[in-house]
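Dropping the structures in below, format is structure tokens.
Here subunit A shows up in two complexes: once beside subunit B, once beside subunit C.
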Partner chain A sequence: MDMNKVKTLNRYHVIFLIQNVIVGTSVLSLPNRLSSMGYSQWWMPLLFGIVANLLLIPIIWLGLQYKNDTLFVIHEKLFGKWIGKLINIMLLLYFIVIIAAVCSSYIELVQVVALINRKITIPLLIFLCMVVYIVSGGIKSIARFCMISFLLTLWFLYFLKWGVMDGNISHTLPLFNFTKEEFFTASKKGLMAIGGFELISFYFPHIINQKKAFKHASIGLWISIGFTFCFSLVSVMFFSQWQLKNVLYPVLNLFKEVELSFLERIDVLGITMWVFLILSTVAAYLWVAKKGLDSIRSTPKKIHLYIIAAVVFVLVEFPYMEEFQQLMFERVFYLMYAMFLWPILLCFIHILKPKKSEGGE
Partner chain B sequence: MGIPIEALKSKLAGIEDAVFKQIETTEDEVTLIYFSSLVDKLTLHQMVIRPLSEGILENSSEVIVQPNISELISAITEGSTVVYFPKQNVYLKVNTFSAPSASITVTDTESTVIGPTNAFTESLETNLSLIKRRIQNLNLKSNNFVIGTETHTQVTVLYMDNIANKENLDIVIDKIQNVNHPGFNDSSILQKLMDNHPFSPFPQYHETDRPDNAVSALLDGRIVILMNNSNGVIICPISFFELFISPEDYYNRWMTASLLRSIRFFGFFLTIIMTPTYISVLTYHPEMLPFDVLLNLQESREKVPFSPLIEVLFMELVIEILREAGSRMPTKIGQTIGIVGGIVIGTAAVEAHLVSNTLIVLVAISALLSFLPPNFIMSNTSRFMRYIFIFAAGMFGLFGQMIAFAWLFHHLLTLTSLNTAYMTPIIPRKSSDLLDSFVRMPAKFLKHTSGIAKAQSKKSPPVEKEE
Partner chain C sequence: MRKVIILFFLVSVILTTGCSDREQTQPSLEDLALASSMGFDLGDHGEMKMTIGIPLPPNDSPVPTQVFSIHTNMIQEGLVKLSSESDKMIVLNQLRTLLFSEEFARSGKVTEVVQHLYRDSTLGNNVRLVIVKDDVEDVLSGNYSENEHMDAYLNDLFQPNLHNSFSPFTSIHDYMNTQTSPVYHTMIPYLEKKEDVLKITKIALFDNKKMIDTISTEKSLLIQALSGVNKLSPISVTFHGNEIDKEAFLEQIDSKVKISSNKSTETPKVAIELKIKAVLIEYKGDRDLTNSKQYKKLEKEINAHLKEEVEDTLQYLQEMELDPVGISEYFRMYYKGKWTEELTRKVTSDLDYNVTVNLKIRNTGTLR
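Presenting the complex of A and B:
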């Protein structure tokens, strides 16, 4: 494929990259994360959508100021070489831990639902090999994979039918039955479900039509918000408040309600099919991490990809300090909020920084 | 000037069918030089000897103005007759190639119930005529090449000058010129040498022996490559989906065509997941089946001592062996042995408790499904892919199958045919492609050339820029 060209992503690529990277494992558990708000949580995804759309503005604006630079390069330009590299190293570590966290949460889910009581070392290894295979095709091949996974997983929405039929629409009212604290707990836990759109600042230089990127990114964002919204609305209709609080993956339980004459336990099929969504998410993050290592070492090399994948494998399969590992994988998502706000800070720095002749391009 | 006849004689020494024939005419004693294996006696008489005796040979022949030895030799190996006039020291060349060739027959590999049934033959000129009599248009252009360092095989590249994409044409010509291979028995070898992804199991060029297929490809702006001595012609570029399109789709009513086409396409995916799903459900996820179905299944494999993986592998390999034996055996024995062998082995295997009844049904259906693609290479590929899925399912159940699927889709997405992406409905996109996809719309809607051809014709809306 055309690996040498820089500008490779057209509008469909942008839409589906944004859309598919957002949908990861956290969607499956979102109704549980938002459960502190009780039944009033069902409109929260819409609110998250608005927040994410607002957060997109500084990201795109910054991208338009540095049309040919990824965020890694922007750091070096704004903070100078050494501080920039330091920030990039921190970013790289953050991405590696995020990848490890996503992988480990998904693989654990597979172990619980599909491969009961079996070792997950080799499935994980094969999963990572698959990711590396996708990433080695470049960002465009990731975008194409996103498209195909969108098409392949779209029909999951049909399985919500049983949840809707057995559910009770009156659960959706009243709208504002929560306290301030409950609202903040829910948003703190839930906002991470929409993480992933911030990656656009890394593949922004590859977009062909950068002026319209905001529009396309918003379309992609709202498609996945629509997905998330459907899941949490049906969960609210179907489950009791107690169930929402105590069932870890409500969406999987929704799938369990499906009754077909030839197939039961759709959740097994669902969770294994979900690998497409996880693959696209992890592939995008891994691509970014690889770019990060490239920019830190100042030379793009294929081996960087394998190094990062190996580090991720070790992180997930690390046999010691399981508690620390758990804690790290949980807490790393809070760093995502810093990532959300970081571009705003960069925008201010960019405005305040004295202009050089080469800086604006 | 001039080459002595002795030089030719020494070059052709050791070739028993090289004939040097002396003929006395009124003015001179001329020598005819030709290969008796390539030139029919009657043709020789009609084309050379009679005109020579009547003194009108100059009208039907070509004078070799400045003869050099290699030109003469290549004329003789092509099947021409070289006539040498010693007095004037002049060489004449008469095209007398008349080796026996098979007549036009009915296609074996791509048969259809309705529509034309002619198949290409192994003569390049007959094949060209089969196409040219269907497209009577000056825009049908051709380029000739000679490839094969030892065999000197003639290759013709055909295209519609007003439709075909010139970039594609350049790529094809470039690829053919850079082919370095001693010999070609069939165009499929050339096809493999031109592949962008030689390690892929999927065919990246369409090979057909139906002239109507080649013609509709030409009209869509594709490029068709014909090779001498090969009854398959190459069509490029092609997309994954097109390998499931039979020309009969366009001769049928549109609803029937759409139904059959969808069965063919989804059949490909069914055939690669049917038996693997049997493995993964029985080995890893028995809870996925409703109780009654599970009971049925368990009853049928109650006495089977093997794991589902071994059971499936055994049965799939048996089917594969039957198919292979059937195609290698002489035709007369082949059919009977194939059918009888299938039934005997099938029932006997169940009665011997080697495999379950259910599995026999699944294997039979998936074997039939694998023969649905009109492109035979594709049907072979689908059977090969099934083994990948069988092992993936044996190792990790449904999870393994999904990973294998992810691999399959990603592989298909990265494949290219003639530097054009292979998965047409997804890339390159053109909305009019949808009219001729799973649903084949009535003929009056099918005005546009397809996206993958990137045709220059005005009738087609522009393709989304992406390659």
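Presenting the complex of A and C:
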């Protein structure tokens, strides 16, 4: 493959990288996370979409100022070598914990639904091996994997038909039936569902047509928002408010309603097929983490990838301090909000910094 | 060096088999007893009596269904105890019917049981709930000479088809949904055992957690129609206070309902419009149906009859302060703030309704 070329991502790659990295485990539990708003939550994904689209602007703008640099390099350029490296180390830790959190939440779900009474060590190992395999092909192979997983999982939307049939569209009314506090709780818990688009600042240098990257990224973003929106709308139609609050994975119960004459228990199939979406998310994060380690140690090495995968494995399988682990996995997503706002700060610093010869121009 | 590493790796892989734990393996399918029906009675001291029906493979045993029963306070505990009784491990993956005795349902314990099962992700969605008139154990251990396989019989009885669309076919999700929603009240089919035949004779109505009353299947059919079921089971109409017409039988009924409220919880009013298209299959009376005027008149008569029935049903529900139709939903839609059960009660009891039934007879078959 074209491993040595830097610019490898065409527009479809960009669209699907954005789209598939966003749809991860959070969609499975999003209606539950937004449940403080009750039935009025169904349009929240659209609001998140607008927020994400706005946040995309500074990211792309910054990328266009440093056309050949990832965010890690930008940090070193803006803050100097040592502070930059310190920030990068923190970023790396953050990414590793994110990967571990996504892996553990998905693997736990699989254990509850499909592999009851079994240990999760082997599935986790296989899962990580696959991720490492995908990532070792470079960002383009991740993008291609995103495309195929999009096509393989698109038909999940058809399974929502049963939920729509049993549901009640009148649940969507009244439109704005919530208090301020409810709205803030819901956005705080739910906004992480759109996390993933910010990774574009790391693979931006690889995009061929950087001028149009914003447009392509927006298309990808709105495809995944549409996906998320469908799931939360149908959940609102199908469940009572108590169920939205108490059912941890509403999508799982939606899949349970599916009645096909030739196949039963779609929920198990659906959840195991969901692995494609998780794989693409984790692969992208792992690729970024590997780049981070490369830049911290100043040499790109393949072993970095294996080191990070091993650290993730240890983190997920960590036998003690389960409470701390739970807390860390839950809280790390709030750091994501800092990640969303970080590029804006960088933009300001970039403007204020005295101009020298910058970027790869 | 490389060869040594590979050799070391291979040897260690072989040696790790010694670490495998035999106890950990998943029981094979032959060791599982797949329960297909589960029933609950109330014990003498207020505890649960759990009965489980397990279909056995044909030619394997003299009886088609194994039935076990135990007194217990917790479901899972009961399952474990029963497993030690039946040589196999009982699992609920194939559960199809969940039965409760009337006594049990009236004591308000159903929600507890169903919520436990709702949590269990191994259960599918096609578990139907049933209320049984007397003892559940009687039903499950009964001998049905016509339908030898009790489990299949029970299962078939609760599969939705056109001729029993009066039944709400409550699944676990439906039950939890209507129980936890402040708008709806739960309905569950009510089963009676007569000699060696099982029959859905009535529909049980729940207020909050307790079963409080039963209604006839005719009333339940109208409730289903009002809550938006499109295809209805046949209706037989018996005219009263009418000299000419005696009876009529309608089939292949398509119904469409339109409910609009005045959006006010203070003086709630709804207009209910029921549009029905049907085939008149049988008619007893003195009308000459070849005459189109007479035909229209008959249509009107049936219309008036159905309207009266719908109003009767609504009045009954109003007296009981129950809302299985979900009419209050048409008020909740426009209500700012948190909708509560009290509001549903208030709306239902103060409700002023205006019913119009619009029947159209499509044809009368191929004979004149």
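We take it that the second predicted complex is superposed on the first by the 357 of 361 C-alpha atoms of A that agree within 3 Å, B and C clash if a C-alpha of one lies under 4 Å from a C-alpha of the other, contacts with A are read in each partner's own complex, and residues count from 1 in each chain.
The criterion applied here is as follows: contacts are C-beta pairs under 8 Å (C-beta built on N, C-alpha and C of every residue); 3 or more make two chains touch, one makes a residue touch a chain.
The structure presented is a predicted model; accordingly, all values stated were derived computationally and were not measured.
Peer 1: Put subunit B and subunit C onto subunit A via the superposition and say whether they clash or fit.
Peer 2: fit
Peer 1: With both structures superposed, pick whichever of subunit B and subunit C touches the larger number of subunit A residues.
Peer 2: Of subunit B and subunit C, B contacts more residues of subunit A.
Peer 1: Per the contact definition in the header, classify A:117: touching subunit B only (first), subunit C only (second), both, or neither.
Peer 2: second
Peer 1: Mind working out whether A:341 is in touch with subunit B, subunit C, both or neither, as first, second, both or neither?
Peer 2: Neither partner.
Peer 1: Check the residue A:253 against both partner chains and state whether it touches subunit B (first), subunit C (second), both, or neither.
Peer 2: second
Peer 1: With the two complexes overlaid on chain A, check the angle at subunit A between subunit B and subunit C, Cα centres, nearest 10°.
Peer 2: Taking subunit A as the apex, subunit B and subunit C sit 90 degrees apart.
Peer 1: When the two structures are overlaid on chain A, which partner does A:310 contact: first (subunit B), second (subunit C), both, or neither?
Peer 2: After superposing on A, A:310 lies clear of both subunit B and subunit C.
Peer 1: Between subunit B (first) and subunit C (second), which does A:265 come into contact with in this model arrangement: first, second, both, or neither?
Peer 2: both
Peer 1: After the superposition on A, what does A:174 contact: first (subunit B), second (subunit C), both or neither?
Peer 2: Only subunit C is touched by A:174; subunit B is not.
Peer 1: Scan A:349 for contacts with subunit B and subunit C and give back first, second, both or neither.
Peer 2: neither
Peer 1: In the overlaid three-chain picture, which partner chain does A:243 touch, first (subunit B) or second (subunit C), both, or neither?
Peer 2: After superposing on A, A:243 lies in contact with subunit C but is clear of subunit B.
Peer 1: I want to verify one number: the closest Cα approach of subunit B to subunit C after the superposition, in Å.
Peer 2: Minimum over all C-alpha pairs of subunit B and subunit C: 5 Å.
Peer 1: Counting contacts the way the document defines them, which residues of subunit A are shared by the two interfaces, the one with subunit B and the one with subunit C?
Peer 2: 264-265
Peer 1: Where on subunit C does subunit A make contact in their complex?
Peer 2: By the definition above, subunit C touches subunit A via 24, 26, 121-122, 124-126, 173, 176-178, 180-181, 326, 329-330, 332-338.
Peer 1: Per the contact definition, I'd like the list of subunit B residues that touch subunit A in the complex.
Peer 2: Residue list for subunit B touching subunit A: 284-285, 287-290, 293, 395-403, 405-407, 409-410, 413-414, 416, 423, 426-427, 429, 464-467.
Peer 1: Within their complex, state which residues of subunit A touch subunit C.
Peer 2: 38, 112-113, 116-119, 166, 168, 170, 173-174, 177, 239-243, 252-253, 256-259, 264-265, 267
Peer 1: Can you list the subunit A residues touching subunit B in their complex?
Peer 2: 1-2, 10, 12, 110, 114-115, 122-123, 126-127, 130, 133-134, 137, 141, 144-145, 147-148, 151-152, 261-265, 268-269, 272-273, 275-276, 279
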